[in-house]
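Just below sit the structures, each encoded as structure tokens.
Presented sequentially are two complexes of subunit A, the first with subunit B as partner and the second with subunit C.
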Partner chain A sequence: MRRTHAAIAVIVAGLSLAACQQVDNTAGAPTVYIDPATSGPVKGVGIESQDIVGMTDQMMRDMLSQPRLTNAATPPSVIIDSEYFHNESSSRLNKNTITDRLRIGLNRAAAGRMQFVGRHYADMVAKERELKRQGTVDRGGLPAARAQKGGDYRLGGRITSLDSRDPRSGAMQRYSQIVFEMIDLETSEIVWSGIYEFAKSAQDDIIYR
Partner chain B sequence: MAVVGALRWTTCLLMAALTGGCVTAREREAVPEAALVHSYLSDKPAELHRHFYVTLAQGPRNRTLNHMRLGLASFAMGNRDRLAAELFDDALAGIEAVHADTPETRKAQGLMTGERIKDFKGEPYERVMAYYYRGLLYLRDGDYDNARASFKGGMLQDALAEEEQYRADFALMPFLQGWAAHCAGKDALAAEDYREFKDFNKDAPLPGGTDNVLVLVETGGAPVKVSDGPRLRLRRTAGTGSARIVWNDPDRPGRPGNGGQALLLEDIFHQASTRGGRPFDAILEGKAEFKSTADTVGDAALVGAVVAANVATSGGSPYGRKTRQQRENENDARAAAAMVAGGLAVIGLLSKAFASTIEAQADIRYWDNLSDRVLGLTLTLPDGVKTLGVEFLSPGGNVLRQDRVAIQRAGRCGLAWIRDGAATLPRNPRAPNSVPADIMATPVTIPPPVVLVTTSPPRETKESPP
Partner chain C sequence: MRAFLAPLLGLLLLGGCSGMEPAPHCDMGRVSSQRDLVPGPAMIPGEPSPLKEMPLNSASIIDANIINKVHVRAITARRTATGTVEVVAQVVNCTDFPLNAEARTQFYDGALSPSEPASAWRRLALPARAVTGYHEFSIGAQTVEHYLIEMRETR
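And now, the complex of A and B:
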């Protein structure tokens, strides 16, 4: 009889412990490719890949439809980099992600209607020109240029945001505005402007508020 | 016989109750593979190996907390900025991830699972400080846009205070936003940020237009989280007075510069303690009330069981002879009392066991190598000045300690950051209360590397004929 009770005690204790040991047996997720133009499983209220893809595609189409940029008798030289593209928002991001995609997309689609200047490679070009002129290396196959190419237009822009948070519900909302402008580098005239804007909101679970 | 049976059942249930404290597998440490551990530790500073090992063993539940602690430790080393940036980027990703309806958030609200089961994001003051250090890393790197974005993001985390006057009042953030804008040459933006800073700190002087070095001095130890049941409380550990900044200009030898006393830009403990009640406290209080009720029911049932057991074991009236009928009646009454005692004991113990499994404690994991206060000063210094002298002062103005700090210049501005008080390298590789007490007490031992023994294939030998 005593043995029976001891056995019951052990079983009950064991079951109690077993019930508590909630093993985290969630299956792991294998690596999957996600379309960068769509919203992935991890989301926030900041600028994400689908926003970058969407905004650069839209800006590219808009720029290519501008006769002043794409139908000039002499294709204009354009500088597209992040030097004058400012981030004043509350989203931390590498601005090159935006300007690089824009430049590459435009360069491929423009098919010679615009010429692109790699100003961010100016140091690299200057070093090579110096080596050629010193005679350390030969002159290469292409004819020598008097100087590096100057730009006719350069991209400028600004990322700003407006954030709000409800202290009771913990809901957060962010309106992001990204402005692109093409500036005439002789007159400072703005020859083209584009704007991309979106607002996102999210609410954390009560345990994080 | 019935009494003995009831007592045995009581023993069984008592044992079950004693073993009822729930610790989920998520709260325990895993034992990572040695090869994985050594590959992970290969590019980490040797003095932080045990800490990084713990990060690996504790997994995603404490990942943000461990990355905050190690990010700060790496940042303080001065030559590990890339690692610190990676760690803080990861911690901020954890903070910014929206946990809308995950299995963990649902479990944390359950009766028998504690709040500590959730992935750590930190209280608002901890989240803000993660953005602060990430912003300082951007400043060190001369990336003023992202520095300002970080400080701005930090301010947003401080919007959750219970009382309106304490919402988004982390003055350090708009000050640094303004400084980052000033360094980026955006004066209009800087003026806007400084106006916001002035709303919280009316008397503080603003940086001058030519200032090019920001000195930040941190003092004291991190706010300590304690729990008196469902409510989270914070304690101040230590604070110091202020700091005076001095330097020698190599172009003007013999004329030491005196920047004066650094100003209090932020009292972190004040920020931590004015957050007020959290919405989740109401859920924890509900759990605590349920636990208390179950406990009271258990107590009442056990008292009843004892009374009934007394009746069951009493020998009846000692006076006079009893008839057979009377003896039978007494025996029946004792048997009934024994049944009642047994039943009440079972109910009481089940109720106590149930109460003991209800988890109503607030989560008290915390970032332990934070400081208590941030003092600051901006200066106009020639490029020749590479280091500054810092005199830490007691509240009475006496010099407690002197130290030197290097100015790290990038872009238009330089940053000099120094810490007094609690060590930035956490003494315990495990963050406080990050795992159950029994695991906290065990030493952290990194498994030895796996040595691959390669054996050469046996040489073919020609067997000689016998």
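And now, the complex of A and C:
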């Protein structure tokens, strides 16, 4: 008889517990927009959005103050892409984020003081030119060009870093150096240089994807 | 008599130590009264602005954390060879400790409208008791007439 009572008590308790396990029907943490020019809640020792915004803005303004680039009688044709912009650092990042922002910022700000060549679209342009010349499509509204535009200057550069870690505390430190150079495509002269550098330390690094 | 003098002196001393509020200084009472009077955000012509105006061609420390720690000693501006404007400020760290600050510049045209987007925040490592230079270039050339530098602590 006692065993039956005990079994009933266990079953009742179990049922009561099961009744407690309900769906937590509340909203989750909302997505929060943050200013990309300011460090957000997730921060490590690598290159982050505020660094990309800061370095591209700084380089753009510096280039616009250089007479050779923006005060020439004939505006130079400039190629800015990541083809010769190398990431040799321990930071994982897409180099296009830097070169795209720099090119777009410069193109909007230059207002004709420089001309920009989309060399990364050369294949797209070549295909369309071929279709036009084959007569597959008509010639379009604008006059035909003898050839695609060549570049006078092209952006080159390098991202490097120096990492150090304290084995006792686990604290990590990284010095990042980003070099931007504008190369004369006839003479290989470096006509403009810019550097952006910073060092950050943190107890534990975060994962960049 | 002495009993009155001591608190009076204390009050005077406190007045001398009053904290400095960072810009902008907005009189919200006047802002709300103007909102009642006009349908849009425009200011009423002839009415005094509820905003205590910040002088252009100057540096405004907008962060209460550093307003009593740093001093902008001098600001100069010059035209570059391409016609853009370069502003240079000398920032003094008045404390015995290194500080991290950041600054940006908004450039204005002759009509006192922003002539271009504000520059990105540029970080400044301010060594203790030392002077550090901050400089920024404008994007526009002949459209730029004025500037305002804003400074805050880096977080």
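Keep this in mind: the second predicted complex is superposed on the first by the 175 of 209 C-alpha atoms of A that agree within 3 Å, B and C clash if a C-alpha of one lies under 4 Å from a C-alpha of the other, contacts with A are read in each partner's own complex, and residues count from 1 in each chain.
We take it that a contact is a pair of C-beta atoms (placed from the backbone, for glycine too) under 8 Å apart; a residue touches a chain by one contact, two chains touch by 3 or more.
Computed from a prediction, not measured in an experiment: that's the story for all the values here.
Enquirer: Subunit A residues in contact: does subunit B have more, or subunit C?
Expert: B
Enquirer: State whether A:A109 touches subunit B only (first), subunit C only (second), both chains, or neither.
Expert: The second partner, subunit C, only.
Enquirer: Is A:M60 touching the first partner subunit B, the second partner subunit C, both, or neither of them?
Expert: So A:M60 only meets subunit C here.
Enquirer: So in the superposed three-chain picture, is A:E197 touching just subunit B, just subunit C, both, or none of them (first/second/both/neither)?
Expert: neither
Enquirer: Between subunit B and subunit C, whom does A:E130 touch in the aligned arrangement: first, second, both, or neither?
Expert: The answer is neither, since A:E130 touches no partner chain.
Enquirer: For A:E186, using the defined touch cut-off, is the partner it touches subunit B, subunit C, both, or neither? Pick first, second, both or neither.
Expert: A:E186: touches no partner chain.
Enquirer: Contact-wise, after the overlay, does A:S90 reach subunit B, subunit C, both or neither (first, second, both, neither)?
Expert: The first partner, subunit B, only.
Enquirer: Intersection of subunit A residues contacting subunit B with those contacting subunit C?
Expert: Touching subunit B and subunit C on subunit A: no residues.
Enquirer: Mind pulling up the subunit B residues that touch subunit A in the complex?
Expert: Within the complex, subunit B contacts subunit A at residues 8-9, 11-13, 15-16, 18-26, 92, 96-103, 105, 107-109, 112-113, 115, 118, 121, 134, 138, 145-146, 148-150, 152-153, 156, 159-162, 164, 167, 184, 186, 189, 278-280, 283, 353, 357.
Enquirer: Looking at the complex, which residues from subunit C come into contact with subunit A?
Expert: Answer in residue numbers: 80-84, 86, 116, 119-123, 136-140, 155.
Enquirer: Under the touch definition given earlier, write down the residues of subunit A that touch subunit B in their complex.
Expert: Those residues of subunit A that touch subunit B are 2, 5, 8-9, 12-13, 15-17, 20-24, 26, 42-46, 86-93, 95, 163, 165, 167-168, 170, 172, 202-209.
Enquirer: Under the definition above, what is the set of subunit A residues touching subunit C in their complex?
Expert: 37-39, 50, 53-54, 56-58, 60-62, 64-67, 70-71, 109, 113, 198
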